[in-house]
Amino acid sequence: MGIDFNLIVNNLLHPPVLFFFLGMIASFCKSDLKIPEPLSKLFSLYLLLAIGFHGGVELHKTGINREVVFTLAAAMAMSVIVPAYTFFILKLKLDVYNAAAIAATYGSISAVTFVTAITFLQSMDIESGGYMVAALALMESPAIVIGIVLARVFAHTKGNKETRENNEIGEYREFSWAAVMKEAFLNGSVLLISGSLIIGLISGEEGWDMLKPFTKDIFKGMLSFFLLDMGLLAAKRISDLRSAGFFLPPFAVLTPLFNACIAIVIAKCLGMQPGNALMFAVLCASASYIAVPAAMRLSLPDANPSLFIPMALAITFPFNITVGIPLYFYLISLYWK
Amino acid sequence: MKKLVKVEIITDALEVESIIKLLDEVGVSGYSIISRDVTGKGKRGIRSGDKLTELFKNSYVMVVCNEVEMHKIVEAVRPVIKKFGGVCIVSDVILRIHR
Amino acid sequence: MKKLVKVEIITDALEVESIIKLLDEVGVSGYSIISRDVTGKGKRGIRSGDKLTELFKNSYVMVVCNEVEMHKIVEAVRPVIKKFGGVCIVSDVILRIHR
Amino acid sequence: MKKLVKVEIITDALEVESIIKLLDEVGVSGYSIISRDVTGKGKRGIRSGDKLTELFKNSYVMVVCNEVEMHKIVEAVRPVIKKFGGVCIVSDVILRIHR
Amino acid sequence: MGIDFNLIVNNLLHPPVLFFFLGMIASFCKSDLKIPEPLSKLFSLYLLLAIGFHGGVELHKTGINREVVFTLAAAMAMSVIVPAYTFFILKLKLDVYNAAAIAATYGSISAVTFVTAITFLQSMDIESGGYMVAALALMESPAIVIGIVLARVFAHTKGNKETRENNEIGEYREFSWAAVMKEAFLNGSVLLISGSLIIGLISGEEGWDMLKPFTKDIFKGMLSFFLLDMGLLAAKRISDLRSAGFFLPPFAVLTPLFNACIAIVIAKCLGMQPGNALMFAVLCASASYIAVPAAMRLSLPDANPSLFIPMALAITFPFNITVGIPLYFYLISLYWK
Amino acid sequence: MGIDFNLIVNNLLHPPVLFFFLGMIASFCKSDLKIPEPLSKLFSLYLLLAIGFHGGVELHKTGINREVVFTLAAAMAMSVIVPAYTFFILKLKLDVYNAAAIAATYGSISAVTFVTAITFLQSMDIESGGYMVAALALMESPAIVIGIVLARVFAHTKGNKETRENNEIGEYREFSWAAVMKEAFLNGSVLLISGSLIIGLISGEEGWDMLKPFTKDIFKGMLSFFLLDMGLLAAKRISDLRSAGFFLPPFAVLTPLFNACIAIVIAKCLGMQPGNALMFAVLCASASYIAVPAAMRLSLPDANPSLFIPMALAITFPFNITVGIPLYFYLISLYWK
C-alpha cells in the first residue's frame, strides 16, 4: 500500500493536477476567476488535435501488428459491455431514459483523463503505444448507440410516462437512426481526434517535425490551463448533485474502479505492457462529460442532463485524475510482477 | 405602416433548429434570433449554460407576423415549449419599415 | 392564453445579481437575461464595455408577470436604476404558452 | 410613469454606426444595442454571420422615445433599412423608471 | 508531368493541407465540429503578426537591395494591373459594382495562401526572401482603390439602377475618399502585417531571438489549426455558389492560373530566385476573402458579397493551396531550367 | 544622462514595447484592428499563470531567506503607505470616494508592467529574484482594503451628498466587509498568480521542465500580443481623460515617479540587488487597471471609474513601460555605484 500512497502523492504534485485543484479552490471560495467559453473550446480542441496527431505518428512508426489489433478489439468490446451491464444496474433505481444515458456516459471515455494518465506515465518514463489513442477514438461512440438502443427497446416494452411524452414530442421531431448515428460517429470530438490521428498516420515523422513544438512542447502547459478550467467547472457542478440522491454518487466512484479492474484483467490476458494496460484501464474507467451528454440530450430528451453531467464531471473525473490513475497503476504493477 | 403582432419565444437553445423548421413550415416572412448568452430562470430552475456542451442554454426567437400566422406558430411550437420549457408571448406592434 | 405584462430592465451589468436577488424576493415565476454585448447610450454617456474589467457594460432583464408583481418589481429595482442608471419599461403581452 | 413608444430596429450590423449617427441627429435621450449574435432570416435570405469578415450579421437597436421622436427616427432610418434590409417595429410602452 | 504530380501529392500530404481537408470533410458530413469566432481571430491575427515580424527580421538581414526594389515595384504594378484587366472581363457578364468588387478581390492577396506556400518551400529546403512579405503587405490595398475608382467611373457614365439606389442611400451616407483610403490602407490586416514587418525590421536578430519560439516554432501548428477552420468555412460557402451562375466558378480557377503565369514571366525577367518567384506567383494568384470583402461592402454597397466571398474562399483558396502552389512551382522549375 | 537616454531608446526598441506602440497607432488612426475580448482574457490569464509559476519555481530554488522576508515586508509596507499618503493628496481636489479609489489604484500593482520590466532586465542579462513575484502577489490586495477603510472613515465624518446616496443604495445592498475582503483577496488575478506561485513552489524543477516551453519559451510572444491589445485599449481611453481635469494627468505621472524613488531608497537600505530593486520600484510605481477598478466599482459605487481607469491605463501604464522602467533603472545604477 505504501507504494500506492507515494504514487498518489506524486501524481497529486504534478502541475496539471495542481492546477485542477486551484480551479476547484477558486470556485469553492467564490472567486471571480473565469475562463471565457471560447478559451475552453480552444483547450479542448487543441488537446484532441494534439493527442490524435501524436497517436497517429506513433502508429505510423509501430505499424499495425497483432497487439494493436487485439487491443482495439478489446476496446470495442468494452465500449459495448460497459454500457450494457451498467444499464441493468441503473435500471433498478432509475427510469429507462436516465439509466440508458448514464450507462452511455460511463461506456464512453474522457480525453482529458486519458492525457492526464499519459502525463503520469511520462513522469515515470513509461511508454504507451500510439494506438491507445486509436482505442480512445474507437471507444467514444459505440456506447452512445448502445444506450439509445437499450432505451428504445425497454421504453416500448413498458408504456411509461416518458414514452407517452416521447410520442407527443414525436409530433414535431421524428426519431431517426440516421440522426443518432451522425451524433455518435460524426460529433466534433470524435471527428477531430480520428481525423488528426489519420493525419498523423499519413504525414508520419516528417509531419511530426513540423508540428512537434505545437502539439508536444506546449502540450502540458495547455493541459494545465485546461485543467484549471475543468477544476472551476467540476466544482460548480458539485452542487447539482443534491438532486442525484444517495445511489448515484457512490455509483460514480465504484463503476470506474470496477471497470478499471475488468480492463486490467483483460490487459493481462492480452499480454499488454504496463503502460498500455494503464491507458486501457483509464479509458474504461473514465466517463464522458462532453460528447455523450450532448448526444443524449438530443437522442434521449427524457433523460435528465443534470444527473449524468455532474456525475461524470464532478465525481468520476476528479476521482480518476487524482486517485484513480495511480491506483490503477499500482494494481497493474502488483499484477504484472 | 401595418398593424401586426410580435411573437417572442424563449426556449432551450438546442431546440432553435426545430423552431426554425416549424416557422418555415408556417411560412413566415422572416424571423430574428438571439442565439447565445440568453440565460434565465423558470420552472426548470436556473439555465446558465454549460461551457463544455451546448446544454442548459436558452435562445430568444422573435417573429413579426399577422394574427393568422401567429396562431399557427403558437400551435406549432407548443409541444417544444411544453417539453423543453420556456415561454411564448405575443404583443401588438406596428411595422413601420420593411424592405 | 393569459393577459400579463412584460417588464424590461436595462441597467449596469454588474447590478444583474442584485436585480435577480430582488426578483427572487418578489417571487416571480421566472425571468430571462441577456447578459453580454448589450451596449447603449443614455444620461451617463456611452456604455460600450471595458475588455479588462467587467465595467461599463449593460445587461437586459425581462420578466413576464402580472400587474401586482410588476408594481413590486418596479419599486424594488428603482434604487438600483436611480443609482446605476438604465431604464425600466412595461408593456402588455399575452402569454400564449408556458410549461 | 410615462406613456412612450419603443422603436425596435433590426438591420445589417455594419449599419449600426449610421443608425447611431441618425439617432443622435434626431436627438433621442438614449438607446440600447445588441450588436452581436443577432441572426435571422428575411427577404435577403438567411443572415448568420461570416467569421472572417464582419459581414452577414444583424444588430438590434432599441429606443424608448415619444411619438414625435419616433416618427423622426422612422423617417431617418428608412433608407438604411430599404437598402440593407431589416425591420423597424413600434409598440406602446410605459416608462416606469429612468434616472 | 510526373514531377508535377509528385509535387502535388507531396503538397497534399503536408499536415496543414490535410487539416484543411479534415475541416472540409467535417463540414460536408454536417459534423457539429465548430471553432468559435474569437479563435479564428486568434489564428488570423497570429499569422499576420508572425509572418510580418519574420519578414521584417529577414529584411533586416538582407537589407534593401536592387532585387528588393524591383520585386516590390513589380508587386505594386501587378496589384494595379490585375484588378484593371479582370474588371473589363467581368463587366461583360456582371454589373459595374459586382465586376469592380470581384476585380478588387482578385487584385488583392490571401495571407494564408502565402504562408502555405512558404511551408511548401520549406519542405523542400528552398529559401524565399523576407521582402516577399513586404510585397504581400504592399499588394493588399491598391486593388481596393482601383476597384472603387473603376466602379465610380463606369457607374456614372451609364445611369443604371444601382446608381440611383446609390444616390438614394447617399441621402444618409456620403461617399468619401477619406473613408475609402482608411478602409484600404488602415484596415486591421494591412496595419498588423506592415506594423509587425516594421517591428521586425527595427528589432532585427535580437528581437528574433526573443520571439522565435512564438512566431516560428509553433507557427505550423497554428497554421494547421487555422486551415482546419478554413476548411470548415470554405465548405460552408460552397452552397452559396449556386447563385453565382456558370461564369464565375471557372473564372475563380482560371484567373489565378493566368495571373500566376504573368507573375512567373515577370519573375523570370527580373531574375528572381525560384523561391521568390513562387511567392510572387502565389501573391498574384491568390484572392482576398477578409480585407477586401469588408472594404467592398462598405465602399460598394451595391456589390453582392455572396458572390465574391464564396469565389475567393470556396474555389480560389482551396485550388491554390492544393493544386495551385505545386503547379506554379512546377512551371517555375521547368522555366528556370 | 547619456546612459539614461540609451537605456530608454533600447527599451523602446524591444518588440513587446514596439507592439504596444503599434496598438496605439492603430487606435489613433481609427483602424478596425480589433482583438476580441476572450483573447485579451487569454493573454492576461496566461501572463498571470506563467509569471506566478515561474516565480514559484525560482523561490523553490532560492528558498526563503532573510532577504526574501525583508523584501516582502517592505512590499507590504509600501502597499499600505502609498494608498494612505496619496489619499490625502487627492482629497484636496476630489471627493472622498474618488480620492480613495484612485489611491487604491496607485497602491496596487500592474502585472504587465512587472513582466515588461523583467523583459527589460533580461535584455541586459540581469537577474531578479523569483520572490519578487511573491511581492507582486502580496501588493495587489492591501491597497483595496486601505482605500475602502479610508473612504468609509472620512465619508461618515462629513455627511456629504455621496453618503446620503450611499444610504439610499444601502436599501438594496448592504455594505459588507466579507464582500470587500473577498473582492480584495479572492479576485481572479490575485488567486491565479498566488495559486500558480504555490504550484511552482511545490512542483519545483520537475514541474518547470514540464511547463517551460509553455510558460517561458512563448512568453515574450504572448506578451507582445497582449501589449498590442493594451496599446489599442490605452489609446481608446485617452479621450476619457478630458473629464479628468488638470490635476489628475500630472498626478498620474508624478506619483509613479515619486513612489519609485521611495522604493529605490528602501531597496538600497535593504541592500537589494539592482535587478530586485528595479522590480520593487516598478511594483510601487505601477497602478492597477484590472483588479482594483473592479473592486472599487463594487465597494465604492460612488467613485467614478472613468477617472481612475484612464489614469492608470492611458497615462501611468504607458509612461512606466516606455520611460519609467529605464529611468528607474538609471537611477538605481547611479545610486548603486
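Residue numbering begins at 1 within each chain, and the chains themselves are lettered A, B, C, D, E and F in the order written.
To be clear about the criterion, a contact is a pair of C-beta atoms (placed from the backbone, for glycine too) under 8 Å apart; a residue touches a chain by one contact, two chains touch by 3 or more.
As the structure is a computational prediction, the values presented were derived from the model and not from experiment.
Of all the chains, the one whose CA centre sits at the greatest distance from that of chain E is C.
Interface chain C/chain D: under half of the residue numbers present appear on both copies, so the contact uses mostly different residues.
Per-chain CA centroids place chain A at a distance of 40 Å from chain C.
Averaged C-alpha coordinates give centres for chain A and chain D that are 46 Å from one another.
Here the spacing of chain B and chain D, counted between their Cα centres, is 19 Å.
Looking at chain D, one finds that residues 34, 37, 82-83, 91-92 touch two or more other chains.
In chain F, the residues that reach two or more other chains under the touch definition are 36-38, 42, 213, 217-218, 294. According to the touch criterion at the top of this document, the contacting chain pairs are A-B, A-E, A-F, B-C, B-D, C-D, C-F, D-E, E-F.
Against chain E, the residues of chain F that register as touching in their complex are 13-16, 18-19, 22, 25-26, 29-39, 42, 119, 123, 213, 217-218, 220-222, 224-225, 228. Looking at the complex, you find that chain C touches chain B at residues 4, 6, 20, 29-37, 64, 91-99. Remark: chain B residues 7-8, 10, 34, 37-44, 58, 60, 74, 77-78, 81-83, 85-92 touch chain C in the complex. Across the complex, chain A is touched by residues 36-38, 41-42, 45-46, 49, 53, 182, 186-188, 191-192, 195-196, 199, 202-203, 206-207, 210-211, 213-215, 217-218, 294 of chain F.
Those residues of chain E lying in contact with chain D across their complex are 37, 40, 44, 165, 168-169, 171-173, 229, 233, 289-290, 293-294, 297-298, 301, 305, 309, 313.
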